[in-house]
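Take a look at the structures listed below.
One chain, chain A, appears in both complexes that follow, with chain B as partner in the first and chain C in the second.
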Partner chain A sequence: MSSLPIKASDSSPIIKSGSHLSRASSVIAFARREFRDAISSRWFLLYTVAFTVLAVAVSFMSLAGSGSHGFAGFGRTTAGLLNLIMLVVPLMALIAGAGSIAGERERGTLLYLLAQPISRTELLLGKYIGLAIALCCSMCVGFGLSAGVLAWRVGGVGISAFVMLVVFTCGLALAMLSVGILLSVISRRSGVATGLGLFVWLILVFLSDLGLMAGTILFKLRVQEVFVIGVMNPLQAFKMAVIVNMNASLDVLGPVGMYASQTFGGALPWILALVIGVWTIVPLVIALILFSKRGSV
Partner chain B sequence: MNITQVIAALCVSFGILWDAQAQESSKSIDEIVRLIESAESGSTIIVPPGVYGGNLRIEKSIVLDGQGGVTIDGLGKGTVVELGVGDITLRGLTIRGSGSTVDQEPAGIRAFAGPVIIEHNRIEDVYFGIDLRPAPGSIIRYNVIQGKELGLGRRGDGVRLWWSDDCIIVDNKVDAVRDMVFWYSENLSIARNHVTNSRYGLHFMYSHGTTLEDNELVANSVGVYLMYSNEIHLIKNSIVNNRGTSGYGIGLKDCDAITIEHNALLANRVGIYVDNSPSSVDSYGLIVENKIAFNEIGMLATPITHDNIVSRNAFVENEEQVTVHGRGQLLLNEFSADGVGNFWSSYSGFDRDGDGIGEFPHAPRSLFRSLLAREPNLRIFLHSPAQQAVELTARAFPDLSPEPIFVDAFPLTRPPELDLFVGTQGGGRFPMVGFSAGLLVISVFGGWVVGRQSRLPMVSDSDLSQKAFL
Partner chain C sequence: MIKASHVTKRFGNVVAVEDLSFELAESESIALWGSNGAGKTTLIRSLLGIFPVTGTVSIHGVDVRKHGKRARSFVGYVPQELAFHDDARLGSSIMFFANLRMVNRKEAAIALAKVGLQGHEKKRVRDLSGGMKQRLALAIALIADPPIIVLDEPTSNLDASGRGEVIDTLCQLRDEGKTLLFASHRPDEVLALGERVLVMEKGKLIRDITPTELWPTESRIQTMRLYLSMGTEESAAIALREAGHAVNLNGNGLCVSVPRNRKAEPVSVLARAEIEVRDFEILDEVQGDQE
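Moving on, here comes the complex of A and B:
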């Protein structure tokens, strides 16, 4: 086959070494490979099935008492779904991310991948995008069926809030995936990465909130302090974002929620989205820097 | 004559024409005044269709019938229609454009004597809607009242009664006002009104002895707020989605002998809020056979609250079923009557002998709740796994369990059959079906597009490396 001339402007040593492909297409190729790997992984399928079954069950159960009249089924369903999402989605994304690089490294396939004519950055980005699409698709199945239950039982109440629930859940998954990939980059072994992922999950889901609860009681933290410390946790930011989209205010979350609503008003959803965005971008950038600097595989 | 002058002349003549056209559709209020002057007292005046601009004061007992084609426009000044004597009927009019200065309290219709009948009118862009002060024995029915677009705190009342006993207020549709408020007015009949997007749907101040039936109160700050009003009977109202910052479905403030039955209290911030009611020593409150569901808090009461009988209600899936405003317990209230309690969706007992009543009392102990009473800031952790963890801890270590807030000794294990008026709720089914299908299509189709086996571009020049790569 013919070989195309190498662009002089291309500075990547790997690409210079013989490839004629653009960076984007190699990222896409890796993303596709990662996606296929993910959806054929048993763990991933298990999480997807678990999330879907639980989401549908929560939708059914929270509407069980509502009878034929379709009021506000969404609010209850969301309240039920929130707990489920905050437990399952971070776990799913952290574990998926943690397994990505460390798994390849342990199996020895990472060397093989790096032998391909692409940069380390592209490899990691490709993996991230592939896993991100896989996660979002997996959650769309759960949400789609859950929305189907709502449509069947109560009609289209609160559809815009449900759309935002899906969007923010995908955002949460992307953030947790970033953290997972960072853990994967710094771990030599897959087991270590997964263990770290579980530990981070435990911290974000339970320990930080419980710690802040204790702190609030012991040190009589003021509302500003509780809000600022609380919102640093991407799970709390996610929860507040969903509730603020549903109720247009955070007053259901008591004094701290009222403080947030009154202080930030219409900017609050954006601030919360920003928190999730920072949790997505910062770990991913650190992972990219570390991964491209590390000599060892 | 140069071109500029021609254009100017054209503009002027066009302007005159335009003005004449406008005047044709807008008549002066004096025409109605003349009609009333020439009419006998007690007669019916059919007003010719048209838009009449100006303020009208009626001092003769007549029937003014617009038959749906008459608009009286106050042109943004003062009260649009004032009724100076009793026995006036206003029917089939559109009344709009009152002033909006707070100190004058301009209204769409203000009656200074009763009884008057105000029916089948459309009242819009007004500061107050219908103001009776006083006009006892009046009837207000089948009106549509739409307030001015002002902030919640700056609006006037949709309907206000002032020292007006024995009024009948039925079948009105009220939107975007402050309250429908009843001051010092006794023995009213208030039914089938529909109040939306307002502050308090129905607001009672020192008004005793009234029945509220089949009203629909949706998306207000508070559905029904009774203050210092005794012997009120709330029956079969639909009170949904009232979620103001301190919003309640029904609020009771120092009210004696209140009966609340067969109401649907759904998706409010708080279903029923009881603040020191009953306040007299020998009085009682009756809360029976209501459906209290999907609220953030089903029933909230101040710690001092006593002598309420709460039975045969269905408490379904409220985030908190019953709780105290602050710390304390509600043990001075009965949560069962004659050996029958309430249905609690959160009840975890069972019914062994099949009589429909659980074998264990329902005495909920929530550690998170009791922490909330100590430190309200913790409410930020609501709806999170950490909250569940706290509750689980309390269950694992009973020593940590707080005292129950209330005890229902005879909880029902099945929801009671309730005779309710739930009203019209629910959105279109189609968008949700579409959304559901869309998500599923995205996941399947997206998965197919991304994941299908294809010749990978990066290895398209070498079958060998493709095999190796895969």
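Moving on, here comes the complex of A and C:
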């Protein structure tokens, strides 16, 4: 019994099957397993390594280009990382979420899990939390090394914008993970869920911008309408939030950015954070409702 | 312990379980007997609250539809298709399920010891034999010592020696007072474990009898596969059942379980019913129709 050693904590009363089972215990059990599975999977390691290498590379390039110290180091790196994050993080989170429930369904393990004394809500929440922690840890590795390089070369001046970048990136990852989980719940096969995830990624990263540009020209949209439509895309909300935290103004984004800065002022970062929060909560709640109601396993 | 009342499960237009009612008393052992597609697995999943059904199911007095989680806490389940994460180690697999039931390491270790898997905790699931995986599923079902064990064809993937071990373990559990509900194709399994047999066909419960009523003999049971003229299978199954034989009818033909010294009887029954038997073969002794 070497791998199942009896610990001192095992002297606690054994909770038998007929007694009340803790909801938190099941969620934690699923979260721990999901986290362990995620960090040991090849695709996750690949994404983590790629993100880390690119983040560190951007840091070095920012330093080489700046020729100065302090804010320029972190500020340039934050700006440089912004586009990288908008490409890599949604893709990583959508794919992770898409494989979660559909993968279990395809392997036949979902049925076995649902035969255990757990609720569907606990299963889904546990998976979400486990994947969320794994994603945030993965990104923190990249950000951490990048920050280490910058701190080593230029010190800690201007690090607050970089910290906010990390916070908003984690928020973006959680939002995209929720969407991925929703796609996973509605798909019978993990391949279909992954395909849908890629399609959503394509829409958010490329097609929505193109659509907005075309719509603005075709329908002669006013600046406030362009802002509202643009900010509904969580990636645009993320981009604006990061830029606001760097510059305290969205003027660099042109008339729409100026409108947003002048109209919402200090409330703008909170509005943008709210958009990302809504993208996190709404798909997750829909996924929970659908998963609880669906009889299929 | 388990009470099912007018349970019906439909998948679109297909009725998988139709208006099925039965009761399973404490310490009783019931076998679900029927051919592939008879609805045994769907019934088991419905009882566990995995599928929404019409009708009512209660386990230990707890309504499965309203309090599925609590109802399932009284049940250990062994599925037909073993579904574990292949990369996980045996020790971490069982600890995951122990955590779901809020059971400590000591209890998990006892469950492993009960099925003879102690010492294998570091092995990866993918490296386990079919028999060991089956025993792992049984160990997981025994975590937290639930009063009811539900098994869906527990020996279907095992060789003769593995089958014997699992049946011995289940007999031991039955003798300890566990309530057993199991689906099976195998007469030997039903004879060894079952006190009652629920015979299912096309989603319906057609007989609720004892194993000795189904196979009224002390001798060993053999399964014969009968090759009949096209379109006569249904009437042949009815004739054989009326003559007291246990029949499985599926896409592979008609299989009938008979004592080894009465193999000619099914052929005679069908001859009297003017149903032509083109050929027959004797399957493995005490073998069901899954070959």
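FYI, the second predicted complex is superposed on the first by the 272 of 297 C-alpha atoms of A that agree within 3 Å, B and C clash if a C-alpha of one lies under 4 Å from a C-alpha of the other, contacts with A are read in each partner's own complex, and residues count from 1 in each chain.
Simple rule for what comes next: contacts are C-beta pairs under 8 Å (C-beta built on N, C-alpha and C of every residue); 3 or more make two chains touch, one makes a residue touch a chain.
Just so we're clear, the structure is a prediction, and the values are computed from it rather than from any experiment.
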Contact-wise, after the overlay, does A:292 reach chain B, chain C, both or neither (first, second, both, neither)? neither
Count the residues of chain A touched by chain B and by chain C, then name the partner with the higher count. B
For A:39, decide between first (touching chain B), second (touching chain C), both and neither. first
Can A:210 be said to touch chain B (first), chain C (second), both, or neither? first
Go through the superposed model and pick first if A:143 touches only chain B, second if only chain C, both, or neither. first
Please indicate which partner A:119 is in contact with in the superposed arrangement: first for chain B, second for chain C, both, or neither. second
Classify the contacts of A:107 with the two partner chains as first (chain B alone), second (chain C alone), both, or neither. second
Can you give me the overlap between the chain B contact set and the chain C contact set on chain A? 1, 3, 19-21, 25-26, 28-29, 32-33, 36, 112, 116-118
Sort out for me which residues of chain C touch chain A in the complex. 45, 48, 50-52, 60, 68-70, 72-75, 77, 79, 81, 83-85, 87, 89, 91-92, 94-97, 99-109, 112, 118-119, 121-122, 144-147
Complex contacts: residues of chain B adjacent to chain A: 240-241, 243, 245, 266-267, 269, 293-294, 296, 314, 316-317, 319, 345, 371-372, 374-386, 388-390, 415, 422, 425-433, 435-440, 442-444, 446-447, 450-451, 453-454, 456-459, 461-462, 465, 468-470
Residue ranges of chain A in contact with chain B within the complex: 1, 3, 19-21, 25-26, 28-29, 31-33, 35-36, 39, 62, 65-66, 69-73, 75-76, 79, 82-83, 86-87, 112, 116-118, 130, 133-134, 136-138, 140-141, 143-145, 147-148, 150-151, 154-159, 162-163, 166, 205-206, 209-210, 212-213, 216-217, 220-221, 223, 226-227, 230, 235-236, 239, 243, 247, 249, 251-258
Under the definition above, what is the set of chain A residues touching chain C in their complex? 1-7, 9-10, 12, 14-22, 25-26, 28-29, 32-33, 36-37, 40, 107-109, 111-112, 114-119, 295, 297
